[in-house]
């Protein structure tokens, strides 16, 4: 039987633990945490940033994100998909955001938020899917299990194998 | 030409003016304010509540809402659609929300938030459409232009005409 | 195993029993009555109206409705969602319909049909969902189980508590 | 500016002219006749059948149809898509319908209605698209402009060319 | 547990057996053969054509098809849905395709491919559904189980019953 | 006026020019090249691979891809989105593909194909959108215009700035 608690979750007032390599943490509220979101096409997150903390470049394969800054100053950006003209580069759109500023990251595009201030920063975001998914680029490309064949990555990034070895040797942690 | 500002809006740090009949204000961030949301299936709002302020019963004809409380204590609820059994009543689901609490209002259902504390309250919400729409029940039913024929409303609400006259004579203002 | 009867239902030739408070009855043909509609995005209803019978203001949270009048004269209308300008009112669109007239009630908007003639009226309607849902405004707002807190409703409708008490004291029945 | 008439159409009380080769007529109410249906995902038709009139085998490429019989007795049916097992045949599901009976024709499947009574028959139907489209099989296959190459049709239908010539020589008219 | 093989299928390098009445074969790769396609909205086919082989007129009730010719010369076409003006005919669009040519068959429209060369032909196609469905017109109309009542077909195709008897007496086989 | 050529494109028989840094080329057939695909939800590509050529890690923000190998041997893979458990790694699914093998890359996930043979390889693929988009990870992350701030990338990839400088200094070209 359906009850009010199926549509309820608490805890978004608690800062996430940003004591990790990138200095940020994402607290998700999607259908995995809140069953009442099923089929309803929306979810939310709280994002905490330590000073100079980074929500590293990532995509949501099934959602657009609308982010509101509550505290701190964030440098945010997203990169467009490949241009029709192969001689052109992918465009980077960036903005400095302060409390009350809103920014949109369109579905599937690589984006990031970087706390450029000396204090903690906090943001809330809505996502246009009950199950948006997250792909942290560094983790998926250099930290997968098993690792991607270095021959693929040396060619993809046009660098020597030792650079790829170095990148794959880092300790990768997801932040939510 | 597309620029970063097409995906940017400022001002959600500013409290809405709650000096109105219901003591609340909704500051919208949808495709009408932020053109970059077009086709992206999401929008957001900031809601301010004076002490005992009410975001009165309303629906979003094209969106589910996920609400996060930032400050204050809200009594929130939604009413289910008509039960299959006509002898049953529409069910009301309610919850008291404190900062960090999240609640979901499924698409198209009547819902409200009421500030039951002595201080201002603030919430942010995401909505699953770039153009969710809002229908404040009292305004749409008793304050439309032109007014709905009182014969319709006396029968619908099963009351004397003077009650409907009284309801239609109130001053109706939308709050965002 | 699938058979022809999975796509069949009988009985829409029988008038609904309009001996109730509002003088109308809705006979639904959606996925709850006709399993073959599952995933197919459509359903239908027959609506019967006694003289001066009313299909009271309601919404379908998940469907647009296209209505065809078979017998009688109906006064029908819907109210638009809140205008962008808070100083403006929600607009009411109305029309008198005679046999053979068609009217559209867009998804999620509050609408009604009122039999303004001295004879029974009958209409058929298609709805753009196999499970459109119905929310009768009066029942959902004033007749829910449990009732909505009168403090919410007095503020929402800007009336004295005794008016709300009176409205909540009526006997509410759904009509299909 | 939007007005009530944008959501209104009259004339579905008038029988269609069934004086044609198949003895039926379809009066459509879709976005081409009723602009207010745009984006709303639904449309309707009135279908008239002379005695022994036929709404010949056809498909709607973008819609499911829910049909209600108002007058007369119809023999209706649809054929399923090709079975996974090539040794099996496409299944035909049929039903005799009388006034008040409802039948569903799933999206894209070939279906027909045949008036098996000695009197006129009338049906209304809803379709799950504002622009459902109609493909009358006989007209599209044997009456297109220009005609399909007879070599294609002799092989497709496994008959002599004179049979195809004969079929292509008939006078084809659409019925709405 | 999900594994790579859930997203894998082999065998599309093998020509289909075209020793049948129409001289063609369709090898499908949809959700029935490849479970990993579930919910992902796409599928594929390989089509083999003997000299003068035909993929006979058919529709996909739930998908658009984009076809690429690998070998041979195909005469392809599709027929539009009924024109708004009943006095007009359904339009046939055709094209001769050689290796490397691409053609689009919009969702739900009747289409065919005919090998007009003296050698085998091969094509690959993508379809916009994990479960597109196929309706071979000849099989569905003249070869269903049970057969469609000849009275329906004589009127639909405006021919004598013996022509319909002849058409229904052919041996119908699906080709994939 | 619509004509057959609106649904036609030639040239997919011509190998793409793989004389570039990664040794592969993608020839697209989407709504930008073939206007008739508009609203139809599908597109296609031809992919050519020189010996040891790589279609480098990339995503399609709006489409699933189904790939068929025509010639050569490809090592292909995709990486899942972040696991719910932050202590787990993103999973890599890989497969060696030979002619006739089919593989699915789900919407929005990072994937690649690597020609592990000594000869050219060719594949065709269908994509579940008329405008799928492509984001080549290396180009979007290290070759955007303007470049992403190195402080973001050093933290994201957990490496020294000189490694990021080196990665950003490569010459990036898109391959289609």
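For reference, chains read A, B, C, D, E and F in written order, and residue numbers begin at 1 within each chain.
Everything below uses one rule, namely that a residue touches a chain if its C-beta (ideal position, glycine included) is under 8 Å from a C-beta of that chain, and two chains touch if they have at least 3 such contacts.
In this text the structure is predicted, and so the values were computed from the model without any measurement.
The fewest steps needed to get from chain A to chain E, moving only between touching chains, is 2.
Hopping across touching chains, the smallest step count from chain B to chain D is 2.
Chain centres here are C-alpha means, and the one lying farthest from chain F is C. Over half of the residue numbers found at the chain A and chain F interface occur in both copies, marking it as a same-residue contact. Relative to chain E, the chain whose mean Cα position lies farthest away is B. Looking for a copy of the C-D interface in E-F, B-C or A-F, one arrives at E-F, which has over half of the same contact pairs by residue number. We define each chain's centre as the mean of its Cα atoms; on that basis chain C and chain F are separated by 51 Å.
Remark: chain D and chain E have CA centroids separated by 21 Å (rounded to whole angstrom). Chain A and chain B have centres, each the mean of its CA atoms, that are 30 Å apart. Multi-chain contact residues of chain E (touching two or more other chains): 77, 106-107.
Viewed as a network of touching protein chains, the structure reduces to one closed ring of chains, two contacts apiece.
Order of chains round the ring, counted from chain C and going first to chain D: C, D, E, F, A, B.
Every residue of chain E that touches chain D in the complex is listed here, in rising order: 21-23, 32, 52, 54, 56-57, 59-62, 75, 77, 79, 81-84, 86-92, 106-110, 112, 114, 133-149, 151-153, 155-159, 163, 166-167, 170-176. Those residues of chain D whose C-beta lies close enough to touch chain C in the complex are 2-5, 7-14, 29, 34, 36-37, 40-44, 46, 63-66, 68, 70, 77-78, 93-95, 97-107, 124-128.
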